[in-house]
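Okay, got some structures for you below.
Note that subunit A is present in both complexes that follow, paired respectively with subunit B and with subunit C.
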Partner chain A sequence: MAQRKSAGPPGEPRRVAYLYLLPAFLVYAAFLLYPLVRSIQISLYDWNGNTLATWAGLDNYAEVVTDPALRSSFGHALVLVFFYAVLPLVIGLGLASILNRARVRGLAFFRTVIFLPQVVAMVVIGVAWRRMYAPDGSVNDLLRAVGLDSLARGWLGDYAAALPAVGFIGTWFEIGLVTVLLLAGMGQISGELYEAARLDGAGPVREFFAVTLPSVRGEMAVALTLTVIAALRTFDLVYITTRGGPGLSTSVPSFEVYNRAFQQGRVGSAAAVAVVLTLIIFLISVGITRVADRDSR
Partner chain B sequence: MRSRPTTLLATAGLIGAVALAACTPGSNADNKPAASATGQVTTDASKLGTVTLTVWDQEVRGGQADQIQELNKEFQAKYPNITLKRVTRSFDDLKTTLKLALSGNQPPDVFQANNGRPDMGSFVQAGQLVPLDRYAEAYKWTDRYPEAVRKYSSYSTDGKTFGTGTLYGLPQVGEVVGIYVNTAKLKAAGVNEPKTWADFEASLATLKAKGELPLVLGNLDKWPAIHVFGTVQAQNVQPDAIRTLGFGQKGGSWKTPENAKAAQTLVDWVNKGYLSKDVNGQGYDPAWQAFSKGTGVYLIAGTWLQADLGKAMGDKVTFMLPPSASGTPAATGGTGIPWAVSSKSKHPDAAAAYINFITSPNAMAVLAKNDNLPIADTAEQEATGPLGKAVFEAFGTAVQKNALVPYLDYATPTMADTLGASLQDLLAKKATPEQFLDTVEKDYSGFVSSNG
Partner chain C sequence: MRVSRAERTANYVILVGFAMFALYPVLTILAAALGPDDTGRATSSVLGLHPGNFSIAWNVGHFSSYLATSVLVSTTVVVVSVVFSILSGFALGTMRFRGSTLLFYAFLVGIMMPSEAIVVPLYYDLRTLGLTDTLWAVVLPQIAQSVAFGTFWMRAYFRTSSRSLVEAARLDGASTRRILWSVLVPLARPAIVTLTVLVFMWTWNEFLIPLVMVTSESLRTAPLGLAFFQGQYTQGFTLLAAGACIVATPVVLVYLFLQRHFIAGMLEGAVRE
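Right, the complex of A and B next:
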């Protein structure tokens, strides 16, 4: 019997295996594939969410490309990527290698403190920072206390400062996640590697670039993927702090999706923005994993 | 080839999902009214038999919650044959869930539908609301609710024209944007309460010269400046022209010298330092809270702040309609969220009886008692404090003299965003008054021409 079936892998035939996968797939299809396809479909219509929709073809997508306000909202999302992903990665690498090298006492304590922002709900963070950025808030108090009166301003109402100010909240939020991820990665690097590097006469800086950095490439990819996605889909922070203002200087795609779907009754257009955003997030994440994968081989 | 079965499965799933999604969005909404819109109205609710009414409202805060609880209790006591099933939601939650509920098969019988086009307008368009004209006649609402107020919940039957036509909802409370005055500070500066718009502008200069902050405004939230601009505009532009623009009706234009003058006035106020510094960086709530603690002399804001400011400032604050330039007052204002009836309700008569009950003369007294601004019979109501009295008087005058002009963001579904963002630009001098009017005109005329 076993010999006759030797062509296939051991165990039950493949068809049965798919049967096991079916329940999970159904859930996946019902809660992910169906909404996704439905969104794509709605994005091809002009719909107020209520009455019968009219076919719009690619008009909604044309609007995403041609409307300067929408285009700039995607630009703002890219600026946020710098604040959410690039800056935390650079700072996180520094922090993690210091914590890793210094073998400080109470490492667990510092790790917890750095990670703490991740535990707090984004809405709470938004409300707190909005107060700190207020014209009479603590950020300005601090600046005035050290004599930098000229820098004090209504941060969220200043056309040049608002987007970086919102982005900085993201930096503060993501540093913890990135640092803890990298710290875990660095903890797994074998001590022999460092020893070998030192025997070859490498200093701490050389050690960092020759040993530490290549070894945590996987963790960096994970950190980048998570933070880039968080940056691109930022909604709550903008909703709480600036509502896209002043003018349109902090509007981001996710906020536009909400605004169009629930405030303006333009569900088709909202779906189109959402689909484009999903595509961009998908492409960027694939890009990051590809680069990380190729280099680690 | 390892991934082939996965691809196959994903394709199968996608095809299945497409098949499920194949119908046009909105095509499953069955909006045939359950009850006929004609025939005799039964106004005696006790003769309607045993009925259960599902009510969705957003009266969840402070005095709002108190008044509706009290009125519901009275209603139940008077009509034991009607059972109320009340569902409460916050304003935002109600707004987002109502649309789905109304297109479903079991919508609430009575609910609060926001006045604007994205809400009430689209419900009317979809045939989801019962026209209330018959009830207005039977219950004599038209006698107690002047046309100036009914406008705010009236649409043409196709839902395209706002501010005229058939009545689709009835509000309980009124709103008007006026000027809160810190009377103690005004007196200390030796300034009398301004009676004309010229007086008001002169007092701004005097107050500034004496080192006071004349006008408090926190515009981080984008919409507060709409009320300040609306107030200035109402003193420069004919009320009917503002109504055409505000309700998004055909035939108006933003590009007029009067509107330009209104926009220029705001810029002048910024240049002369009459408004709070960092006006776009300050939140709305912190701004009025600062006013209540003694920052600034004037605050242009709506009657909804009455309870809070009255409590904090006692007799050191009063409220007035914007002193008018022409002698006839004009002020931005409107109604609380109107109550409407679903066209799928099996008991429209009972639903209308409920709305009549919570808007009756007795209900207006209950509203006043709980620190709300009753929309009808306002002058006859007893306010809870000196500020309340001033607010009731101001609103009564506004309705009586037909002074109300609509919120400008009613005009088009996108106007709240357009106006909010471009007013921030104007205040920060990122846009000139001309550029500001161009932006707003583009939104208005684009909508009007596509609305047909």
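Right, the complex of A and C next:
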């Protein structure tokens, strides 16, 4: 962010600024920056949390790549990215363009309702969906009602179905955020663009691909950043619904951090997983923001 | 925009469908919480509803204690981090000084960073200091995280809004402190309200930090209490649902009244979540 001189804050250079910054910076440095550095330090040791730590170099990082349990946890995170980010984006694009095209009544109400999942504690969401996924829960009731009895199962206890079932909760959770975000972007598209497209004889589908989609690329990038990060950070939901099971079928990196650091006494390895996860999240945030910046210029 | 009647009808069907999909899990819990107890415990019914489930969860499930802890934790985190953020955002947004860019980027790191990145050393270092299993261990890390976002948020506001105003006040001889508290803060109220509701929501819903830091039951926050309740109380769903309603209600209520702030804040500034 290169700033020209005139774009900077006004006034003469002021020492008093440090005084204003001090309280925030002290807490921030002590409880966020310092632990972040300590994470990196701990990740270079073999440590069970109690006895003396031994130097391990990059062994813990090598383990992230070689350990099948860790590798699969990152694989699961990738599956969650599909459910948290890709699916909601596709659905959100559809919903938002419907809302934007036809000025429907009750838009404010719809927006309130569809955004609601975002403010409900993940633990509560987990409790609700666990009930719905139970063998006698409403998901199976629905399947039986439409004649798909063979699909009914205990979703969260099934090796093949548990991960997509958890992911689908993420889809439910993120649709509202993505839709509202895209809707805001589409509201700013000038009506003339649509008029022009219509004069060229474009139908709703052509109109969507020629006008709507290119205009909301910035919003799509923001939506992807938020949802991809949410997918990679998934912890609460897995803790509440499956605890990583059955077996390791829904274990994700955040859960491995918790499990290794506080259940298995493999603190160094946990820190290494945390550092790798954080790096991936940083790279994705910076990367997607860059792409969005280039688009908007 | 002209749209045919058939398309309009189809659109309404789709929208109602998605609205029901979004609400269904929430309503499942609400219905179960208000329904007859599924373990056969007798509760009095009012118009076919059983509000008594809430008082059982409140007392037997200890949700009164969990809620009290959550109120204490959220209030502390919100008040402290909003005040600190106003101060630091003011400095970064309106003053010129050495290292301001570097400090800004330092705070930016905290916005993107997940709790997982710090929770491991935080636990072991705070344990060395004897601070684990106290509210300090729950509150301080969350203030640090909120201050990162808050500084970013208030700086953006102070930068765009106030240059000529600050100059004018300064020419009138107002002190820096007065400029901030009597001129800028009253104008910044919408931005401050948005920051307040977001920090409240994040703190109320936070799960990992209390899970790691707290072992005593008396210090459990509402979401943590619910998670443990789910593990212990495995017969029936009624009380669990009532507990879930109690945990979710405060944020949902604030959302219904101030939804504009939630939506604007999460869309414009929420790189953090």
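Here, the second predicted complex is superposed on the first by the 263 of 297 C-alpha atoms of A that agree within 3 Å, B and C clash if a C-alpha of one lies under 4 Å from a C-alpha of the other, contacts with A are read in each partner's own complex, and residues count from 1 in each chain.
Convention: a residue touches a chain if its C-beta (ideal position, glycine included) is under 8 Å from a C-beta of that chain, and two chains touch if they have at least 3 such contacts.
Source: prediction; values computed, not measured.
Of the two partner chains placed by the overlay, only subunit C lies in contact with A:Ser138; subunit B stays clear of it.
In the superposed pair of complexes, A:Pro246 makes contact with subunit B only, with no contact to subunit C. Of the two partner chains, subunit B is the only one that A:Gly154 touches; subunit C does not reach it.
Of the two partner chains placed by the overlay, only subunit C lies in contact with A:Arg103; subunit B stays clear of it. By the touch criterion stated above, A:Leu95 is placed in contact with subunit C alone, subunit B being left untouched.
The wider contact with subunit A, measured as residues touched, comes from C rather than the other of subunit B and subunit C. Contact with neither subunit B nor subunit C is seen for A:Ser215 once the two complexes are overlaid on the shared chain.
Using the contact criterion defined above for the overlaid structures, shared-chain residue A:Ile42 touches subunit B and also reaches subunit C. In the superposition on chain A, contact is made by A:Phe262 with both subunit B and subunit C. When the two complexes are overlaid on their common chain A, residue A:Ser72 makes contact with neither subunit B nor subunit C. Overlap of the subunit B and subunit C interfaces on subunit A comprises residues 14, 18, 21, 25, 28, 33, 36, 38, 41-42, 49, 130, 262, 267.
On the subunit A side of its complex with subunit B, the touching residues are 14, 18, 21, 25, 28-29, 33-34, 36-38, 41-42, 45, 47-53, 55, 130, 133-135, 153-159, 242-248, 259, 262-268. Every residue of subunit B that touches subunit A in the complex is listed here, in rising order: 5, 9, 13-14, 16-18, 20-21, 24-27, 29, 95-96, 99, 102-103, 117-118, 122-123, 125-126, 128, 219-222, 276-283, 286, 413-414, 416-417, 420-422, 424-425, 428, 430.
Taken together, the subunit A residues at the contact with subunit C in this complex read 8-18, 20-21, 23-25, 27-28, 30-33, 35-36, 38-39, 41-42, 49, 95, 98-99, 101-104, 110-125, 127-132, 138, 172, 175-177, 180-181, 184, 191, 194, 204, 222, 225-226, 229-230, 232-233, 235-236, 239-240, 253-254, 257-258, 261-262, 267, 270-271, 274-275, 277-278, 281-282, 285. Of all the residues in subunit C, the ones that touch subunit A in their complex are 1, 3, 7-8, 11-12, 14-15, 18-19, 21-26, 28-29, 32, 80, 83-85, 87-88, 90-98, 100, 103, 106-107, 109-110, 112-114, 116-125, 140-141, 143-145, 147-148, 150-151, 159, 163, 166-167, 170, 176, 201, 204-205, 207-208, 211-212, 222-224, 226-227, 230, 237, 240-241, 244, 247-248, 251-252, 255-256, 259, 262-263, 266-267, 270-271, 273.
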